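For reference, the structure is listed below as structure tokens.
Just so it is clear, A, B and C label the chains in written order, and each chain counts residues from 1 on its own.
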Amino acid sequence: MSDGAEIVIRGGVVVDAGGERTADVRVRDGLVVEVGSGLRGGRELDASGCFVAPGLVDLHVHLREPGDEEAETIDTGARAAARGGFTAVVAMPNTDPPLDDAAVVAAVLARGAGSTCDVVSSACITKGRAGVELAPMGELYGLGVRLFTDDGNCVADAGVMRRALEYARSLPGAVVAQHAEDPALARGGHMHEGAWSSRLGIPGRPAAAEDLIVTRDIELAALTGAAVHFLHVSSARAVDMVREAKARGLPVSAEAAPHHFTLTHAACAGFDPLFKVHPPLRTRADVDAIKVGLADGTIDAIATDHAPHTPEAKERTFEEAPPGMLGLETALALTLTELVEPGVLTLADALALLSWRPAALAGIAHRHGGPVAAGRPANLCVIDPAATWEVDPGRLASRARNTPYGGRKLTGRVRHTVLWGEPVVVDTEAQR
Amino acid sequence: MKHLLSIDDLGRDGIEEMLSLAENFVEVTRRDIPKVPALRGKTVVSLFYEDSTRTRLSFETAAKRLSADTMSFTVASSSVKKGESLRDTVQTIEAMGVDAMVVRHSSAGAPHRVASWTDASVVNAGDGRHEHPTQALLDLLTLRTHRGPALDGLHVGIVGDVRHSRVAHSDVKAFHALGADITLVGPPTLMPESLEGWPARVVYDLDDVIGNLDVVYLLRIQLERQSEALFPSLREYTARYALTAARAKRLRPDALVMAPGPINRGVEIAAEVADGPASVITEQVANGVAVRMAVLWSLLGSGGSIV
Amino acid sequence: MPAQFDAARTSRDDPASDRVGTGGALVLRTRVLDADDVRRALIRIAHEVVERNHGPDDVVLVGLYTRGPAIARRLAGAIEQFEGVAVPVGALDVAFYRDDIGLRRIQPLGPTQIPVDITGKVVVLVDDVLYTGRTARSALDALTELGRPRAVQFAVLVDRGHRELPIRADFVGKNLPTAESEDVRVQLSEIDGGVDGIELWGPDTGMPGSDARSGGSGGSGR
């Protein structure tokens, strides 16, 4: 991409898995060609006061295409991702039709090609996400799929989950990712079951629904030897169990969403479905446990679970509205404001969770996640850690508006995003 | 006060003021011409997303006795077209020019949502498992006529399916606000999952407390709960938690029996107890109109006095 | 003047509604009637009521809140003393019949209680102060829904003028010319505590002799 055009990112501090150093970065023909001081020439992007980091990677994004293009399209979702500093996102398969078929996956990949963010496709574990018959995992793997999930639905049948894990062992690098909520306990619930659900009269989804599946699937990982990834862990007990499983040496990984380390179930008190999400916002103790899990390495990635919905879909009652909230354009700032600034994480830890560790899990470490070095793909983001801004739902690049953070003041913002050498975001504005 | 969405909107002073006001309307409802011109020119629409002819008629009667115009918008949930959001419906109705919307919905918080989209006053006529504030007010009005204005130290037992009951939610808040001690009685499967913040204690055996109660409030048992494995059978429920004639004999001589109606005779309460001297169940129904007149007057006519 | 004189006031004719009055502090101008004057005025009205109606037999006294019911009870007591007949006494709240609903804060001031069927009777409405006439109009509407009296008459302790409707009193304790900026304050022992009395308050003109105490927020007769 960007054939021939040269850009120089000047005056920043380069940070990647190798550490920090003050350096300029020269980019040409989609690659980093030089990292050094005093570089000039081509188009210059000002990075003074900023960190120049590998582009962020989001393991968990709902782009809604095909099927619900009123809420988001691959194009608008990619633009939101770029503004959030992401250079790669993994598209979730709960589209209509679902991504359980090679033709649909191929179509999504084709639509994603050339957008302002690399779109990596996941695919279903089971046909129609129904939890009964396996999707053609091998064929989908052949299209480049590495992450298999029925997200939105839990693979509830332990026998089916066992077979999926066993089968995945024949697909090197494949990860079976679970939406861990036992439907027998969570069905009919709309928020965390606890003091607030009882008080508000909203049927609850107990943390035990998550904990049961996490403990079960850890045992299935032990039984099969296959890698299990837990999507959006939200309960303190689930974090503990993942930590124990890793100590046992099991091939287990986990991600956490920004809303699960920034919001509690008390946010539902006004009955506003902007705060409805599955798994639900939980207690302060759960939020604290997620933070500990992020800090001690138990949790491998911060993933947004970016879930756009039309205004009409959220203009219903809490119980009737669909779950999900936007995440791409606020994830980095929330991480910096809520985790780095208070000292829960170092900046390098935060970027590890947002970039190189998820890149490795998604099987795209050769393209994304750094390091920032000559010869590597020029997928970069430039972060101004001191910029303060207020989240304005009306000014998001996403087609949807369902952020729960409207009006919130955040510190830290993506100034520029470079995708394969092309500046797709300059001075916080998407370039196309 | 702009809306009545929850008993929390009133507090003790607001509840007491509302009950005093309701007593004025009790007098009005007993007249030969039980009607005052207080809300002439105002329009009250009942927006019912759940069948409840009794509550709807009670509100509409209250509005008519205040000389308001009434409209009724009843939506069987099956007939709501997919794609028309609650907000669309509310704004369509508002465009007709209404002053108050009385909202009944099977989802908690629906009246709160409606209130965020309209300039009209909103009255919660029952939202999911959340609240039913006018029921609590009429329960208090009934209790007051027998026990005087303060309920300090009065021991109220609320028996049955507390978990799924909006009436229980509002009653616990309202009775507590006026000083009553509250005991919730029923099987654990029908108690709230969390009691944090509930000013009540829980007892699983009705026979342990039946002799100590000043008021026994029997919640209606929804017959479908049996199929959700919340209790083994109606027969077992009745044996353990119904106010049978035998249990009623153990009540204090001055104890009152209340129920939100409609009651399942022979299930949560024996027919002879429901019709017996301790029962004030029919008074509750009669007080419903006066309480709803007080609420509509407070929101639309009084110039915003209460709270 | 007892402290509770001001504190005890509840306003039916709220200062902000009927007339644009003074915004500033009021001072006492004159004490118009003292306790004995009030007593004598009520006895005279009681006699006039009986005389006008050729005896007390069909008379029902209906007081308008806040002070009307108390005055009606006193009139009934006087009639019983000289006629030996207990005239029925009722109380009427007109809040729901007012013509300024929605324009200001209005709450019922007490329960409407009419102890007899008023159809065919002579209802004497009783109030402390007659001013704009709007309360009396509301009372006529309210009465209509309670029955059909043979006649309705109106008794007031003070008529201060400034009518806005074609309404007059049949029985008046004291005609008191006032300015709209002034306030007529009625004190009855059983409602307000202290001793009976009627005072005229007005804006502080700085004239010598005017009482420097500041007034409350308007009484029922303003």
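The rule is simple: contacts are C-beta pairs under 8 Å (C-beta built on N, C-alpha and C of every residue); 3 or more make two chains touch, one makes a residue touch a chain.
Owing to the predicted nature of the structure, the values given are computational and were not obtained by experimental measurement.
Within the contact network of the assembly, the step distance from chain B to chain C comes to 1. The most distant chain from chain C, with centres taken as the mean of CA atoms, is A. Distance from per-chain Cα centroids to the pooled protein Cα centroid is smallest for B. Distance from the chain B centre to the chain C centre is 40 Å, each centre being the mean of its Cα atoms. The distance from the centre of chain A to the centre of chain C, each centre being the mean of the chain's C-alpha atoms, comes to 75 Å. Distance between chain centres (mean CA atoms), chain A to chain B: 45 Å. In chain A, no residue touches at least two other chains. Contact residues on chain B toward chain C in their complex (touch as defined above): 21, 23-24, 27-28, 31-33, 35-39, 66, 297, 300-305. Contact residues of chain C toward chain B in the complex are 93, 95-97, 101-108, 111-113, 141-142, 145-147.
Of all residues in chain B, those touching chain A in their complex are 83, 85-88, 105-110, 112-113, 117, 127-131, 166, 169, 192-198.
Considering their complex, residues 193-195, 197-204, 206, 270-272, 312-313, 315-320 of chain A touch chain B.
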